[in-house]
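Consider the two complexes below, in which chain A is the common component and chain B and chain C are the respective partners.
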Partner chain A sequence: MEQAGWILDEEQWKAWAGSLPASGCRVIAPARGPRGEAAFTKTDDADQIARGYPGKTQMSPKEFLFPRSETLFEFRLAGNTVTLVRPPRSDNKQVLIGLRPCDAAGLRRLDEVFLQDPADEAYEHRRNQTVVIVEACTEATPSCFCTAVGGSPGGTEGADLHVTRLGGSGRILLRAITQTGSELASAASASWARATEADFAEAGDQAEAVSSSIRRQPLPARTPELLEGSFEAPEWEVVASACIGCGICTYACPSCSCFDIADTGGAACGSRCRSWDSCAFGEFTKHASGHNPRPKQSARYRQRLMHKFAYFPSQHAGQLMCVGCGRCIDLCPAGIDIHQAVLALAGAARAAHRGADEGVPV
Partner chain B sequence: MSKVAPAGSGYQTAGEWAPRIVAFTCNWCSYSGADMAGTARLTYPANVRIVRMLCSGRMDPLFALKAFEEGADGVLVSGCHPGDCHYVQGNLYARRRLEIFADLMELLGLDPRRLHFAWVSASEGVKWSELIGRVTRSVLEAGPNGEWLSAPTAEFSSAKLPEPGPPPRTAPTRDANAATTSHLRQLARRLLEEGEVSRVIGYAEGAQSDQMVPAFVETPEDAERLVWNERCYANLANYAVHRSGGATALIAKTCDAKSIAGLLRENQLRRDEVVVVGVSCSGIWHGDRLAAKCYGCDEDVSPLADWTVGPDGTARGSIPAAGRDTSPDPRDAALEALSSLPPDERLAFWQGEFDRCIRCYACRAVCPMCYCDTCITDKHRPQWISAPQSGPGNTSWNVVRAMHLAGRCSDCDECARVCPSGIRLDLINRSLAQGIKRKYGTMVSADPAVKTALTTYRPDDAGRFV
Partner chain C sequence: MNATAVETLVPILGSITEVREETHDVRTLRLDLADSEEAESFTWRAGQFVMVSVFGAGESALTITNPPAQKGFIEVTFRQMGTVTSALRRLSEGEPVGLRGPYGNSFPVEEWRGRDIAFVGGGIGMAAVHAPLWDVLGNREAYGEITVMAGAKTVADLVYRNEAGRLRDIPGVRVIQVVDPGGEEPGWDGEVGLIPQVFERMGLSGRDTTVVVCGPPVMLGFMLQATTRMGTPPSQVITTLENRMKCGVGYCGHCNVGEFMVCRDGPVVSGEVISQLPNEF
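Right after this comes the complex of A and B.
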């Protein structure tokens, strides 16, 4: 397929990206958080929108499609009639700008969960309003491992538009990946220079260079099957031994989608609210009877990894539910490294197969 | 709840607004005192709603928070006079706990005119009616309690807090670390070989550079993984709890040893389950910065240690404090800066902090002293702490966490270290600890036999109760 792309200088880029809020879009861009960390924030500031940033944000951008907490509806009882009132929904376009390829891939995983029939209305509405502008990575942080799970620092999955800052030259390669992306750029794109094959090649080389700086070993192709067979493996106790059972990994994760529903109010009126939840919490699976099918932290940690690397892929043509952003590695209070944990489990499962001599191809 | 008072209903109002005050009274004295006011035909403002409880000692700060959250403009707690408690001492515990709660609310910027405490006996109908008049006037002056739910508009963010000064000492040298590590490995190997412990919990190199992670060593050979240096942040005390099959040797810094003492004191650990291996720590470092908690720390490994390991070797028992360079705790300067702000700015600051809370409960998970089977925030009937990850629930969670740790916190600052949103939990903990020290003269002790401040009382404790 012929690629649509333009080469912009920094002025043109800033003029276009910076004008998005004025055109009625709600723009979310990376900014400095209160402690100097990068954080996605709603902004109207053209400088900030166009600036770019090193590395990745501390939290993923998923909260702009799947908020930490949202009211699904309010209910009122008058006489024998129950009235449900949905909170007002904005019809403004939302532009997420500066997402890393892993962030955008994470949103695609959320789509798999929330847009599957029957689609989640609140999510679907927000998703339909959203345009994703991905900015290719110019460097990898020590926790990055997208290449180990099939991603790339120049990846376009989930992107509507894709930006590559071509090495220090001040030139920006802007590519339209989807129709939605082309439409967002269409008003200005006539005045931009078309990108040449050489520009695409340069962007490709740049992504390749970042890729090769990621020194993390790719997961074995049969990871889902290997993990699935390792459910009872003693290694789970080992990899999860330091896990303290907080929810940081799941909340920072761009693809974790679990939530809890809470009703507040009384019989006469109240609201139903959905909030993020985490499989790392003991309460997550606790039954009303008091029985907990995942009584230990190792069982909870196993669930998290199994969901990402075995169950989800088995239902989605082998696609992993981990995009390799490495945020959980950076933030884990106990220093647990998900990539190392999966490798350890897959390795143990493979060794067990060999030991049992079951003839399972590995 | 409508806040417009019907005419002639006995409410005190400011314009159309009639403040609502929730009074928590004990059954035996203050409730009867209010009854006495009624039977004596005394009048007082109708703005107060009474919640009767068995004892003022039952007053959980959460009740006050919930009242504020639900729209109360003021809260009053009233119990029996000291010495008159139906349960002998419930009100004396309440006095300490609520005093510290009031301090916390002051730090968080709640207008002190909204929170009142009193002793009213069953015969003091007159005192009750006067008290309600006074409390109502005070709440009227404070105005409607809108702030609790409003979005934060902080002018003053944590970035503006004063920077810590230069560290009073230098980081340990590579050689010193290597020597300590070597002694530590030797000791771990010996403890495992001789069967004195079944496991040693210490630190090992993590997957990322300069990252030390908890290590669980169960064989003598595996002891080679253990390391010691100034990046061994984690407090490992948590990991010793609920282990079966033999004793656990725990590598502990002074602050961690205090957590172990706390777990022993509160019967979460038995002394024969744990062998405390103290390391002579000269502070932990984040990059080239000494951790705030280490500035003023001049304690050497606590009296609790069974073994002490340092660069010079291994000793049985603890090593007496060697004297260490200290300088003022930088958290105190930050607290001073906060306390110099007017209450509404302080409130905005803290609402801004709590607004970032994502309720991942890492603060709870990492804290050795947070060991409840079911945390109050996980209880649904009733839902004391509202579930949405926003305003009121976030505030309640953070206040309750701090209150549950008040007088028990061993100052390891792990909650502040792990908070992904960087909420200044360390300042809250420090402020409570300093208040307790000032008022009751006690700090959290490394001696498990010494009671914590809020589990004891003195008959002559000072307090805000009138």
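Right after this comes the complex of A and C.
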């Protein structure tokens, strides 16, 4: 298929992206905070929207589709009559701009969870209002490992529009990936120069260069199957021994989707909220009787890893639930590196298989 | 009811229309939906559960305990445990609740036709065997001998104790009540012992009997051993899992046992399926 793409200069890019709020869109961009760090924030500021950023944000942008906490409904009781009031839903278009390819891929994993049958209506509504503009990576950070899990610094999964800042030239390659993306660009695209084969090739080379700067080892083929058989492996105690169960990994993760539901308020009125939860917490699985199917921290860490690298793939045609953004590696107070942990477990499982094949006791 | 008919995580409204005390901490509630059309279209299969809301306290997963043939209302039997079940206990007739569901899979009652069936419940586990028991009895002639074994710590803790007489009046139904050693009272004419041991002593044909057993995890473990010794194939030992859950529809990530999602793939499982699951239930 012929690629639709345009070459914009920085002025044109800023004029277009910066005008999105004025056209009625709620724009979420990697705005720079006081110390220069980028964080996904709602902003109307054209500079913030268009300027780009190095590396990746500390938190993923998932909260704009799956909020940290949201009201499902409010209830009011009068006598024996209850009234449930749904929160208002915005029909404004939401544009998520500047997502890294791993961030957008993470949103696709959330789709798998929340858009199954039956779909989660609150999520689905926001999803239908959202346009995703991905910005290709120009550098990899030490924790990045998208290439080890099937992604790429130039990847387009989950993108409606895709931006590549072509190396230092001030030229921006903007590509429409979906119909939704073309529509968002359509008002302005007539005045932009069409991108040429050479421009696409340059973007490809750039992604290739960033890819090859990622030194992290690819996961072995059949990692899900290898892990599947490693539930009882002693290595879990080793890789998870430092985990303090803080849950930071799950909160920062672009694809972690677990939540809690809780009521607040009193008997007369209040609300039911859904909030991010974490499989790292002991309470997560604890029954009212006190029985806990995952009583140990190592069992909880195993759940997180197995969910992403074994259970989810087996239910979603081999797709991993980790997109290799490396945020959990950067933020873990205990220094746990999920990429190394998977390699260790898959490696041990492979060694065990080999041993079994050769009749060596394992 | 079709789970997609309403917003998935928003309950439909109902109220308590009858309260029955089962034991000092177990109660049965009859719940009626507020909207008659919703009540009309609310259908379920034995083994499915609902998420019951007490507004201001939260939601609990509770098995529907009346058989599907009783259209128009549902019953739940709950033990008072923590926040939600304590709040549910404070409600009386006429007070409102919310309901979501029915969710989950169900007991394969059709596959049991022609077989003998033993229904075994330990403590509040009786709640989970109640709907399939009465579903089967609603079609009595399609099944063989029926054994009902209800166990509890003490006589006073026996759930559905008053139902024993009604069950015994049905031809081909045997009822055994079991209490833990020390849990008997003067004049107690039931069994004293642990359910798996009493069950094994009963002389049932392991091969011809389908065993439906619900109760605490420890009891399940011993029942699986007992039925293995009796020659019952693992596929004919059926139980339910009760992993903690929040949404009931497969989003919230709380209830999985390996790849098995209790809310969607369960809660009903056979001994065969259980033997393939990682030990996280």
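One rule holds in what follows: the second predicted complex is superposed on the first by the 351 of 362 C-alpha atoms of A that agree within 3 Å, B and C clash if a C-alpha of one lies under 4 Å from a C-alpha of the other, contacts with A are read in each partner's own complex, and residues count from 1 in each chain.
Keep this in mind: a contact is a pair of C-beta atoms (placed from the backbone, for glycine too) under 8 Å apart; a residue touches a chain by one contact, two chains touch by 3 or more.
Not measured: the values here are computed from a predicted model.
Enquirer: For the overlay on chain A, clash or fit between chain B and chain C?
Expert: Verdict on chain A: chain B and chain C fit.
Enquirer: Touch test for A:Asn80: chain B only (first), chain C only (second), both, or neither?
Expert: Second partner only, chain C.
Enquirer: Quick check for you: in the superposed arrangement, does A:Asp45 touch first (chain B), second (chain C), both or neither?
Expert: Neither chain B nor chain C is touched by A:Asp45.
Enquirer: Name the chain, either chain B or chain C, that contacts more residues of chain A.
Expert: Of chain B and chain C, more residues of chain A lie in contact with C.
Enquirer: Let me test your reading of the model: by the given contact rule, A:Glu121 touches which partner, first (chain B), second (chain C), both or neither?
Expert: Touch partner of A:Glu121: chain C, not chain B.
Enquirer: Applying the document's definition of touch, where does A:Asp9 land relative to chain B and chain C: first, second, both, or neither?
Expert: neither
Enquirer: Output check: A:Ser314 vs chain B and chain C. Expected answer is one of first, second, both, neither. What do you get?
Expert: In the superposed model, A:Ser314 contacts chain C only, not chain B.
Enquirer: Regarding the shared-chain residue A:Ile244, is it in contact with chain B (first), chain C (second), both, or neither?
Expert: Touch partner of A:Ile244: chain B, not chain C.
Enquirer: At the CA centre of chain A, how far apart in angle are the CA centres of chain B and chain C, to the nearest 10 degrees?
Expert: 80
Enquirer: Figure out whether A:Val113 sits in contact with chain B (first) or chain C (second), or with both, or with neither.
Expert: second
Enquirer: Based on the superposed arrangement, let me know which partner A:Ala262 touches: chain B (first), chain C (second), both, or neither?
Expert: A:Ala262 sits against chain B and chain C alike.
Enquirer: Give, as a whole number of angstrom, the minimum Cα separation of chain B and chain C in the superposed three-chain arrangement.
Expert: So the smallest C-alpha to C-alpha spacing between these two chains is 5 Å.
Enquirer: Could you tell me which stretches of chain A are touched by chain B in one complex and by chain C in the other?
Expert: The overlap between the chain B and chain C interfaces on chain A comprises residues 260, 262.
Enquirer: Would you mind writing out the residues of chain C in touch with chain A in their complex?
Expert: So the residues of chain C in touch with chain A come to 3-4, 7-11, 13, 15, 53, 55-59, 81-82, 85, 94-96, 98, 216-217, 242-244, 246-247, 249-254, 256-259, 278, 280-281.
Enquirer: Which residues of chain A touch chain B in their complex?
Expert: Touching chain B from chain A are residues 34-37, 58-59, 68-69, 71, 142-143, 241-242, 244-248, 250-252, 260, 262, 264, 273, 275-276, 278, 281, 283, 329, 331, 333-337, 339-340.
Enquirer: Within the complex, which stretch of chain A touches chain C?
Expert: So the residues of chain A touching chain C come out as 72-73, 75, 77, 80-82, 84, 86, 113-114, 116-122, 231, 257-263, 265-267, 270, 272, 274, 277, 279, 284-289, 291, 293-294, 299, 303, 306-307, 310-311, 314-315.
Enquirer: Give every residue of chain B touching chain A within the complex, in rising order.
Expert: 157-159, 206-209, 211-214, 216, 234, 238-239, 352, 356, 358-362, 364-366, 374, 378, 380, 383, 386-390, 414, 417-418, 420, 422
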